[in-house]
Amino acid sequence: MARLSLDNPRDVRLLDKGLSVGEALAAFSATYERAGAIASFLGKTRDDGGTQALELTHYEPLTLPGMERLADEARARFALDGVLVWHRVGVMTPPQPIVLVAAAAPHRRAAFDAVDFLMDHLKSASWLWKREKRGGEWRWIEPRADDHDALARWKAD
Amino acid sequence: MARLSLDNPRDVRLLDKGLSVGEALAAFSATYERAGAIASFLGKTRDDGGTQALELTHYEPLTLPGMERLADEARARFALDGVLVWHRVGVMTPPQPIVLVAAAAPHRRAAFDAVDFLMDHLKSASWLWKREKRGGEWRWIEPRADDHDALARWKAD
Amino acid sequence: MIRLVYLGKLADLAMNDTAEVAGPLDWNSLLAAVPEAVAAQLGEERVHIAVNGAVLTDRCSLTAQDGDEIALLPPVSGG
Amino acid sequence: MIRLVYLGKLADLAMNDTAEVAGPLDWNSLLAAVPEAVAAQLGEERVHIAVNGAVLTDRCSLTAQDGDEIALLPPVSGG
């Protein structure tokens, strides 16, 4: 397949179309081919039977710059070779990818922790607003208490 | 690309050739398309300048059955939709993939924890023997103390 | 004019994504300028305010002139 | 004959991956049957023994007959 070109050491994108996880992670692995450890997380709209659609809104002047700062924070905090942070915006229907995060590092622990850190912050500390359509009704989603607890873990140290 | 077919709910393989992480994870994501969360880890021979080659030996009657039991243990322990556990054997040169693990789950934490659990056990509790060639000399690798500590985490609870 | 941008559920409450209001605006005149349902939400600490893409640390210190863009940012949820 | 399979560094010490020895074998006769360098390693608790693919909980209880396969398993390392 045609090689996707990624920004090194961070590739941060807001996508208004679907994303190919296979293509993205193949390119990521090739970009950091000397890294010993690559961890990734893919979040999809959960097809639990009830969710008909999902919409993610962003605010141009804040959302992407905020995600770029977050990626840099992860790089400063963990010993990484590079990161990928992609987030869908717009309307999507299950089962579609919403978010893809990957971290390349010399060691496994740093790669894992960086992906964990990035996901916690994308979930409840990035300039994104999510609403869900169920039973024909749109409803805005707010982070749950345990999302805030997850975020607080990173502030303790 | 041609669709790779995976065993559901667990796909456990010993591979004597290279693996395509992009193809594998695209197939994994498609197999568990209704899962909200997919975490993965890819371990590669680290090209730190010194490692010329790596060899992984297995023992047919134990290694694959042990990995299959490990995958089932992860499925019993975490709320998963499915897992993938692939490990290379034979001689490989940097930078080549050695191990690929993925977990699909309704929720992120379970997917993360399962990948972490599987990697800790593959590293120091699976029937695999690793040796490294540096400066023309082969040397057998034994798990480090912190690999054993990592494993002990899962026994505490 | 000052451009107001309503994000998330505030757009539903305002029944619009954006609005134009005459400048200048401070915090109190912003509360008076937005629909009542939005003003009620702004009473909550969790709504942030950005002026021209910069989030205010103390939103009560808001000052905006004609040509500025004020974004009203309710609690976020991504991922 | 009993087939011995040396894994990992034991294959280096035995200078062979496998060997054939006459049965029956118990733990003491296994120690006598393998090269000295391997016997020294078997003294360590961390070497496991499998007979026909089943790992022994108590390796001293080893009994094997002609036709069996004994695997000598030093500390593992994967991933």
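First chain written, first letter: the chains are A, B, C and D, and each begins at residue 1.
Quick note on the criterion: contacts are C-beta pairs under 8 Å (C-beta built on N, C-alpha and C of every residue); 3 or more make two chains touch, one makes a residue touch a chain.
The model shown is predicted, which means the values in this text are computed figures rather than measured ones.
Q: Show me the overlap between the contact partners of chain B and those of chain D.
A: none
Q: Can you give the whole-Å distance between the Cα centres of chain C and chain D?
A: The separation of the two C-alpha centroids amounts to 75 Å.
Q: So what's the Cα centroid distance for chain A and chain D, whole Å?
A: About 49 Å, centre to centre.
Q: For chain A versus chain B, what separation do you get between their C-alpha means, in angstrom?
A: Centres of chain A and chain B (C-alpha means) sit 23 Å apart.
Q: Two or more other chains in contact with one residue: find those residues in chain B.
A: 43, 119
Q: Residues touching two or more other chains, restricted to chain D: which are they?
A: none
Q: Following the definition at the start, I'd like every touching pair of chains, please.
A: Pairs satisfying the touch definition: A-B, A-C, B-D.
Q: Spell out the part of chain D that touches chain B in their complex, as residue ranges.
A: The contact residues of chain D facing chain B are 5, 7-9, 11-12, 50, 52-53, 55, 69, 71, 73-79.
Q: Which stretch or stretches of chain B touch chain D in the complex?
A: Contact set of chain B toward chain D: 43, 56-57, 59, 61-62, 65, 87, 98-99, 119, 122-131, 140-143, 147.
Q: Please name which positions on chain A make contact with chain B in the complex.
A: So the residues of chain A touching chain B come out as 1, 20-23, 25-27, 29, 33-48, 94-95, 97, 106, 108, 111-112, 115-116, 119.
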